[in-house]
Amino acid sequence: MSAKRRPVEYHEATPEVRAVYDDIMATRKTDWVNNFWKVLAHDPQTLKRIWANIKQVMGPGALDPLTKELLYVAVSASNGCRYCIASHGAAARTKGMTEVQYSELLAIVGLANETNRLVTALDVAVDPQFL
Amino acid sequence: MSAKRRPVEYHEATPEVRAVYDDIMATRKTDWVNNFWKVLAHDPQTLKRIWANIKQVMGPGALDPLTKELLYVAVSASNGCRYCIASHGAAARTKGMTEVQYSELLAIVGLANETNRLVTALDVAVDPQFL
Amino acid sequence: MSAKRRPVEYHEATPEVRAVYDDIMATRKTDWVNNFWKVLAHDPQTLKRIWANIKQVMGPGALDPLTKELLYVAVSASNGCRYCIASHGAAARTKGMTEVQYSELLAIVGLANETNRLVTALDVAVDPQFL
Amino acid sequence: MSAKRRPVEYHEATPEVRAVYDDIMATRKTDWVNNFWKVLAHDPQTLKRIWANIKQVMGPGALDPLTKELLYVAVSASNGCRYCIASHGAAARTKGMTEVQYSELLAIVGLANETNRLVTALDVAVDPQFL
Amino acid sequence: MSAKRRPVEYHEATPEVRAVYDDIMATRKTDWVNNFWKVLAHDPQTLKRIWANIKQVMGPGALDPLTKELLYVAVSASNGCRYCIASHGAAARTKGMTEVQYSELLAIVGLANETNRLVTALDVAVDPQFL
Amino acid sequence: MSAKRRPVEYHEATPEVRAVYDDIMATRKTDWVNNFWKVLAHDPQTLKRIWANIKQVMGPGALDPLTKELLYVAVSASNGCRYCIASHGAAARTKGMTEVQYSELLAIVGLANETNRLVTALDVAVDPQFL
């Protein structure tokens, strides 16, 4: 294996890996699997584990599916993960995120990064009202 | 001034600073100002600028007020800013965030941080479908 | 040794460690050594190495001593290292940093963190003029 | 709009956006606008807000213009924002930064990142002299 | 529930939570559960999920148990997570980490953070030999 | 010099720089020098300093050479430094790291980043047993 891992395509995948790919496509109602999973597939244990985590965390719950994707995009934007912004941004658009909402999300990400640093640098004490 | 800046209380603030405090309380319909602003007040220019930014970014828009606070909390949790988690967490609770929703938010923050690193370390190519 | 390393005081230090302490005090023209070095002293190799790095990097050069300290404080504030903000902030004040300059420094740190995220999230292409 | 936002050129911009572009060029005494602003222009509110922030924070103050740019470059280098290093590096060079000064700046950024981690990992207590 | 979540003790835990606590103690051959799990217990789904992840990732594999703990400590030290350094540091010591090894680990964490920033800031091209 | 620094090749290097290149190749028993050092060479002081640091920190000690490289790769993966992952990943493979071990390392990096955020966001108190 070379240092950079190439995507494992469906036709060359083991049955164990195909089962995850099949579940991803069935859950998302799509007919393709994105590169993240195909690169993770070199390590089937991690592929299965991360997919199980995503399925549980991003599945039905107290937050609606769009809000969950917006939160995922915001953290990914704050961390500068281009792939994650692209993939979860696409998912958010599919679930209804508009371009104006995306602009507002980015504005919040930017401003929170600014105030987070100011607060930490100034070592602001937590107000008793917040405890 | 000692190295660590203490909060500037209302009664000792200049009219310029009081005007910001008044606007914060009027906008938020509260009768107190939290420590972040009172510590920023040593630099009135920055106090006014950051408050103007917060007011614009967190004000009415295409995302509802609760979603905006959830995004702020998520970025602050990802960055490990305790004060910001406490203050925006309180704001989110005021706007209706339940404890179950907060748990789901934290789960997304944690998982996004995990997959962000995996994606970046594996240098996954963006799928053409996402471009 | 317990998990948290306590400061190694001068009177209990080995000659190897004392030699570094002596050089720190002579270089800085002070009569005390701050906790960072006293905690590092449990690992004399690292103590010597880091001090040699600091002495070279923060010593005379093309940037004046105050500007060097301001840069150190700015990076530390951006990274949220409270101890480093306190210690390099004190050094910057000794070299002439005023409180207004410190406020401006923090404003730049905050704003850079905001625009850094916006730029990265939006994946802005570098203009040919900047290459 | 596709997922990745392309730069909005002057000839296709709305009057509101052109007014910001004009002010950027007038303030900087140049005849072009860099990509950051042209990508932000999809969201005119944010374009205006961020430009107003930059103008205030990077404008005349207690720190000289070159020092301000050096601080911006240092934070951007610490955060790994390539575009920001390129754009603010260019601005710093215009204001007089030499290559030797840039090398010294990078050395400080690198070393501060090293000692920031050591200090935080070792949980060093702030010396009373720094409080 | 107040904003800060308190640890859920064994005697007050639901059977679902107790089952995880029991498995943690049985796996680790200890008679107590550390605070991380007791605070996570307010969200039993996440408690179970994270424990299942830890058990799989930190369990027997191609890397020996001590090396796995050292890696966990190194990432936590790099991220500045005090609790994680303390808890995984304790686990590493139990598995044989000496104080000299810990010092070397911290030296690597510090130096990697320095060179990571230099490399990224200088935008060094990957050598073909590494591809 | 243009803004982006190009690698300084051996044939064009000064004797001072060549001496470092020679030492790198002798220490590593290779006949080439990777780009990081060739880009650093524009600043010979920093080239010498960083190489001296790497040589000391990554040289013989209480941790074996493979473990040291694994720690370097883990921190670099956590920080998202692609070049550093490639270069230290290659070094780790030379010292015996298998692909299965690399997968386990990445899994630890990802999971530590997840739990680091959860712990910090939940502000978990350090257990007395860990002090």
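First chain written, first letter: the chains are A, B, C, D, E and F, and each begins at residue 1.
Everything that follows uses one rule, which is that a contact is a pair of C-beta atoms (placed from the backbone, for glycine too) under 8 Å apart; a residue touches a chain by one contact, two chains touch by 3 or more.
Because the structure is a prediction, the values reported are computed rather than measured.
Chemist: Using C-alpha centroids, which chain lies at the maximum separation from subunit D?
Modeler: With centres defined by C-alpha atoms, farthest from subunit D sits E.
Chemist: Using Cα averages as centroids, what's the distance between subunit A and subunit D in whole Å?
Modeler: 28
Chemist: Counting in whole Å, what is the centre-to-centre distance of subunit E and subunit F, each centre being its mean C-alpha position?
Modeler: From the centre of subunit E to the centre of subunit F is 21 Å.
Chemist: For subunit A, jot down the residues that touch at least 2 other chains.
Modeler: 3-4, 45-46, 49-50, 53, 57, 78, 80-82, 86, 89-90, 100, 106-107, 109-111, 113-116, 118, 120, 122-123, 130-131 - these are the residues of subunit A that touch more than one other chain.
Chemist: What pattern do the touching chains form: line, ring, star, complete or other?
Modeler: Complete.
Chemist: Can you check the complex and tell me which residues of subunit C touch subunit F?
Modeler: For this pair, the touching residues of subunit C are 2-4, 45, 49, 53, 56-57, 130-131.
Chemist: Would you mind writing out the residues of subunit B in touch with subunit C in their complex?
Modeler: These residues of subunit B touch subunit C: 1, 3-4, 42-43, 45-46, 49-50, 80-81.
Chemist: Looking at the complex, which residues from subunit E come into contact with subunit F?
Modeler: Residue list for subunit E touching subunit F: 4-5, 7, 32, 34-36, 39-40, 46, 50, 53-54, 57-58, 61-63, 67-68, 70-72, 74-76, 78-79, 81-84, 86-87, 89-90, 98, 100-101, 104-105, 107-109, 111-116, 118-120, 122-127, 129-131.
Chemist: Tell me, which parts of subunit D touch subunit F in their complex?
Modeler: Going through subunit D, the ones touching subunit F are 80, 86, 89-90, 93, 99-100, 103, 106-107, 110.
Chemist: For subunit B, which residues count as touching subunit F in their complex?
Modeler: Where subunit B meets subunit F, its residues are 77-78, 80, 82, 85, 106, 109-111, 113-118, 120-123.
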